[in-house]
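Below, chain A partners chain B and then partners chain C, in two separate complexes.
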Partner chain A sequence: MSAPTLTFTSDQALQVRNRIGSVWRIIFLLATCIGIISLLALLYNIVDRSFGLVAYEYKVDPATLADRPLDQLSKEELVAVLQANISKGAFGKLEKDKPMADRSYDDIYGLVFERVVGQKVVATWPLTDSLLRRSEIEAELTEDEPQAVLQFRSWLSADFVTRPMASQAEFAGVRTAILGSLWLITITITIALPIGVGAAVYLQEYASDNPINRLIQTNINNLAGVPSIVYGMLGLAIFVRAWEPLTSGALFGVTDSNGRTILAAGLTMALLILPLIIINAQEAIKAVPDSLRQAAYGLGATKWQTVWSHVLPNAIPGILTGSILAISRAIGETAPLIVVGASTFITVNPDGPFSKFTALPIQIYTWTSRPQDEFRNIAAAAILVLLIMLLSLNSIAIILRNRFTRRL
Partner chain B sequence: METTPDLTAIPLEVKSSVGTFRAVNLKKRLRLGEALIQGFLFACGVLSIFTTLGIVFVLGRESLLFFQRPEVSLVDFLGATVWQPAINKIGIWPLVNATLMTSLIAMSISVPLGLCAAIYLSEYATPKARSILKPTLEVLAGIPTVVYGYFALTFMTIILRAIFGEANVQIYNMASAGIVMGIMILPLISSMSEDALSAVPRSLREASYGLGATKLETATQVVVPAALSGIAAAFIIGISRAVGETMIVAIAAGSGPAFTFNPFQAAETMTGHIARISGGDLSYDSIDYDSLFAVGMMLFLITFALNLISQRIVARFREKYE
Partner chain C sequence: MNGNGKIAIETKNLDIFYSAFKAISNVSLQVEKQKITAIIGPSGCGKSTMLRAFNRMNDFVPGARAEGEILMHGKNIYAPDVDPVEVRRRIGMVFQKPNPFPKTIYDNIAWGARINGFKGNMDELVERSLKSAALWEEVKDKLKQSGLSLSGGQQQRLCIARAIAVQPEIILMDEPCSALDPIATLKIEELMQELKKDYTIVIVTHNMQQAARVSDYTAMMMLAEDGSRAGTVIEFDVTNTLFTRPKDKRTEDYVTGRFG
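Moving on to the complex of A and B:
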């Protein structure tokens, strides 16, 4: 008798339950999308600030300096313009820093703008504003700064990548920072890869299940979670201070340096990515089928012969993939470099493991910390350079991974 | 390294003796090369222990120097609320408080979002949607933290100031750093939780459907509880990442220790403080230098404990369905 009503209520309840279910389904989807939206916002924000309108102010109108526009002059003519418009002493000093004949065209072009024209950035606008409200910006500018010249500028450019650091944002570039990062990565990987793979081979192939080996394994997992800045402090105390004779190059006859060198930073970074490399290499070695080892042993190979000629060749793609991911971690890592003491204003290329250096993320950090808008613009451009480097590294990793899955 | 098997090592007796079996020596011989290699590989493994010991030694020794200074006392360090080592005010609470505030904000963003995203990816998404959404989320994990710092300062702060008013929100503030940190940790939480959810066997879900549960009920009342240990581990690793994160807070949370509970104000975290002080011209053996290591020790202990707890949770509470 009560059965029909009961069915009715449970049907109703089911409808409610299903409705709640579909509402939550949408909430779950939205949560997933928020992550992706944030990623898009981040990329948009960076691209938006890497390009856009700039208002310059000149002390001297560049059109009056020569009979043609400055960008059509040859290098020698530019040197002449420079010589004619700055004091003898100032020119002599520039010549002493680096002879005019040795300087590049871009360098001299920059000098003319910096010293003679006296170019100064009045204001900058992000890309969206520049495209959508150009007329408003122009009107605003003619009212506030009638002298200023408005130009569209791509902060990320070939010049930006090839120029060294400079004190003015519009002449600054990231060449020294890119080279510093490359040096750093080379040293890091040279140290970390053999040791990391060695440790992984030991743990997977040699280690028996005893307390010491268990401790090593737990310890590696724990080290992977230690904040990077703590590694920086370790590097500061050990590599920069305690090992100063080694890291400053004093042992090798380098005199003009302290411990805050590429080598010290590279050693610190190597310790930082070591757990990542070990854990990834362990996974790769684990994936090598046991039958290969048994076959090698069956033919009378020793343990090391088995590892060297059977296990490692088959694990190499996996190890490389893991190492590339570790490198991309190291390229973007900033905090330990700050603590170890990367210099922020370096205008000469790093020339070896014992030179002072700066790195791309350090440059981004210092530029971001500056209050002026134009430094935010070049920070965004430097971030684009960094992201492009990371993207190409990760593409290599993906290609390797695909090859790996095809082979086994 | 020799790569071909050593043929001379095979006892000749076996070849020559047909019929009479002489004992073949199968005892393990000492091979010097092998032993050296094994020694080297062991050394590689042990290096990690030396790294940990090195961290503990360095942080411990310099902190000890710090606490041995006449003007420094442990009671002040853990009790006072002003941090100005240069004038001997060394209460660590402003730094710890800012770290906790930013981490709390980050977790309150990343845990609900990460868990929801994990449930969606593991329970709802079609394989095709999953193959697009999951790698895209993982891109977030690969972005350097300095880039997130830039994002916090030039995007999130501006949005916060537009919403809550420029008078209420300082340019450098903990909320913006915390929110962006939450976005940074989101992929970590979602991918670790998703792994845990996917590891729950299908039979449990089917049993739940068989009892008439809807998809949502199955997900939240069967699958999530079954994967709780993995989710808890993800949560703790997330906190540990938030506490140790440096660049976002160094750029966006402000420079200068301040004891405040207002998320819209500037305050310096432990990591931000270490980065700012060591980034300047720092003379060794000054009180500033030593104090950094005391802060670093605190940081290391917190993150190390969190990581250990997370590993214990996974090891002990993992439910095995075999």
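Moving on to the complex of A and C:
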């Protein structure tokens, strides 16, 4: 009698298993590559639009306005140029809007270009074309628009970040939008984080497992998936309309505004990210080992002492990870802001929770829907600003998280 | 065994249920002051449930409830007017796996005292507790280091020091050496002999040699034979008697290794 044959792996079977393994590895690699390629394509698209050649046309050649190039003139000389070249009535009107003495140098420089020189963008080219086909572009331009001046322009610049909104793309900036977004995110986080973490602590540590609590839990999970425009409608109905006395600041003596304020938008956004924060905080709290709770209770700690001294400190890294996701979501949301009535053309800084506001995604949305080419350039530049802002806010949260993790 | 002055805690006709399931059935046990009482028995017979009933740690299990009485100073700790937090302050616990807080060694000791409203000299209390747990010499120069940086045996002694710091009357130990090597185990056992001068200790162990070595009294637990799957104490006696002249056949089978 021979022993029972125990052929676990013939060489051939092993080869087949290895081959199946390699096939799957390649599939996973491809999936990763597709993701990376999409991301690179997105970045390329934005960067390509943010820098490039611009052809300007002038009504009046700026070189003829003064004995020196315009950018070397002092503020007073620029005012003189402005006064000499526009009608008395127009100058008087500008003076009435804001006295020349109070205006900044940049403001007056812009006015000279807008009113006197009459600078107009004829055409813009993306970065790749500008670098690779410069001679062709120049030839094309001398043929079509012999008057135009070709210039390389970085649409993303210090001016772009510090200037307020303007009707012409080349003078427009995102200062008011950045400040609006910062106000918005501050209000959103200050409202949503404490409420969200509080709810998570309650659901995880205090609530007993009964049908009502299970129903609440299920609904929170579902709320995280509700389209943002629905939150916008809710915000419009409740915060903008029903709570108008509060959100317009009328209760606090603010008279010149309606409910379409930063506060109303911040409350709406807080509502939007609340389920996200609750769910993430719950996961973080769940991950705190039970042995720590037992140890604390064993020493005669109350539930609150246990939660405050052990559960929350150990859950903070996880909670912060959740808030990173929530911040990213809130800062990029456009739909609910449109519904609650963000303004699109704001030239003054938002000065508090009761002011009208605009936000970066709103600016980007408005600019991309304009037909002129140059607005697409500033939209791309604004997207870069938004991305930079998002990354810096997230890195703050990541730094905080790492600090708390190391302390353990 | 008699005389109320010598009894630290006692159970009377104690039944413990997890929802509909009866885990402990009709246990009456007297734990003497400043002695070590061991609870032994095969796996799943309810040793840990029994131990956790003493400081109401079972309260955290949904559906758990106790019937009968556990008396401490003549007062039922399951009475409605008793706050389980106060019970746990007076009856400390050391767990199977060392579970120091992810804090400094100092804070591990100080936290329990602080939350219980300790007003005295904290440095002194930390030093005294660590000395009582025979850990002071090893950690006195690194009190600001994390409690998790210690070895397993040191962590377990830190947990004992932490329990001592809130000055309990009774210390419950739930298989405190099962995650430790023999040398660390020996240190804990020596420590227990020191501790019983001041504290009453109840220890659950599945190591019969350990029970025989360290304890003064031993309770033998076993599943009840009525088919209910509930654990009960089948024999309770002075350790030496229980191991050498057991009255119950099942105890004899178990301690001589014929079963379990």
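Basically, the second predicted complex is superposed on the first by the 361 of 408 C-alpha atoms of A that agree within 3 Å, B and C clash if a C-alpha of one lies under 4 Å from a C-alpha of the other, contacts with A are read in each partner's own complex, and residues count from 1 in each chain.
Here is the rule we go by: a contact is a pair of C-beta atoms (placed from the backbone, for glycine too) under 8 Å apart; a residue touches a chain by one contact, two chains touch by 3 or more.
The structure presented is a predicted model; accordingly, all values stated were derived computationally and were not measured.
Engineer: Determine, under the contact definition given at the top, whether A:I34 touches first (chain B), second (chain C), both, or neither.
Structural biologist: So A:I34 only meets chain B here.
Engineer: After superposing on the shared chain, does chain C or chain B touch more chain A residues?
Structural biologist: B
Engineer: Please indicate which partner A:I216 is in contact with in the superposed arrangement: first for chain B, second for chain C, both, or neither.
Structural biologist: Touch partner of A:I216: chain B, not chain C.
Engineer: Let me test your reading of the model: by the given contact rule, A:S291 touches which partner, first (chain B), second (chain C), both or neither?
Structural biologist: Once the two structures are laid over each other on A, A:S291 reaches chain C alone.
Engineer: Just to be sure I read the superposition right, which of the two partners does A:P275 touch: chain B = first, chain C = second, or both, or neither?
Structural biologist: Only chain B is touched by A:P275; chain C is not.
Engineer: Can A:G300 be said to touch chain B (first), chain C (second), both, or neither?
Structural biologist: Both partners, chain B and chain C.
Engineer: After lining up the shared chain so the two structures overlap, which partner does A:S309 touch, if you call chain B first and chain C second: first, second, both or neither?
Structural biologist: The answer is both, since A:S309 touches chain B and chain C.
Engineer: In the overlaid three-chain picture, which partner chain does A:A101 touch, first (chain B) or second (chain C), both, or neither?
Structural biologist: It touches nothing on chain B or chain C.
Engineer: Of the two partner chains, chain B (first) and chain C (second), which one does A:S208 touch, if any: first, second, both, or neither?
Structural biologist: second
Engineer: Using the superposition on chain A as set up above, list the residues of chain A that contact both chain B and chain C.
Structural biologist: Dual-contact residues (chain A): 299-302, 305, 309.
Engineer: Under the stated contact criterion, what part of chain B meets chain A in this complex?
Structural biologist: 1-3, 5, 10, 31, 33-34, 37-38, 40-49, 51-52, 54-55, 58-59, 62, 112-114, 116-117, 119-121, 124-125, 133, 136-137, 139-140, 142-151, 153-155, 183, 186-187, 190, 214-217, 237, 240-241, 243-247, 250-251, 271, 274-275, 278-279, 284, 292-293, 296, 299-300, 303-304, 306-308, 311
Engineer: If we count contacts the way the header does, which residues on chain A are in touch with chain C in the complex?
Structural biologist: Chain A residues touching chain C: 208-209, 289, 291-302, 305, 309-310, 314, 408.
Engineer: Which stretch or stretches of chain A touch chain B in the complex?
Structural biologist: Spelled out, the residues of chain A in touch with chain B are 17-18, 20-21, 24-25, 27-32, 34-36, 38-39, 41-42, 45-46, 49, 194-196, 198-199, 201-203, 206-207, 213, 215-216, 218-223, 225-234, 236-238, 241, 271, 274-275, 278, 299-305, 308-309, 328, 331-335, 338-339, 341, 361, 364-365, 368-369, 376, 379-380, 383, 386-387, 390, 394.
Engineer: Considering the complex alone, what residue numbers of chain C touch chain A?
Structural biologist: Answer in residue numbers: 55, 57, 60, 62, 85-86, 88-90, 92-93, 95, 97, 99-102, 111-112, 115-116, 146, 148, 159, 162-163, 166.
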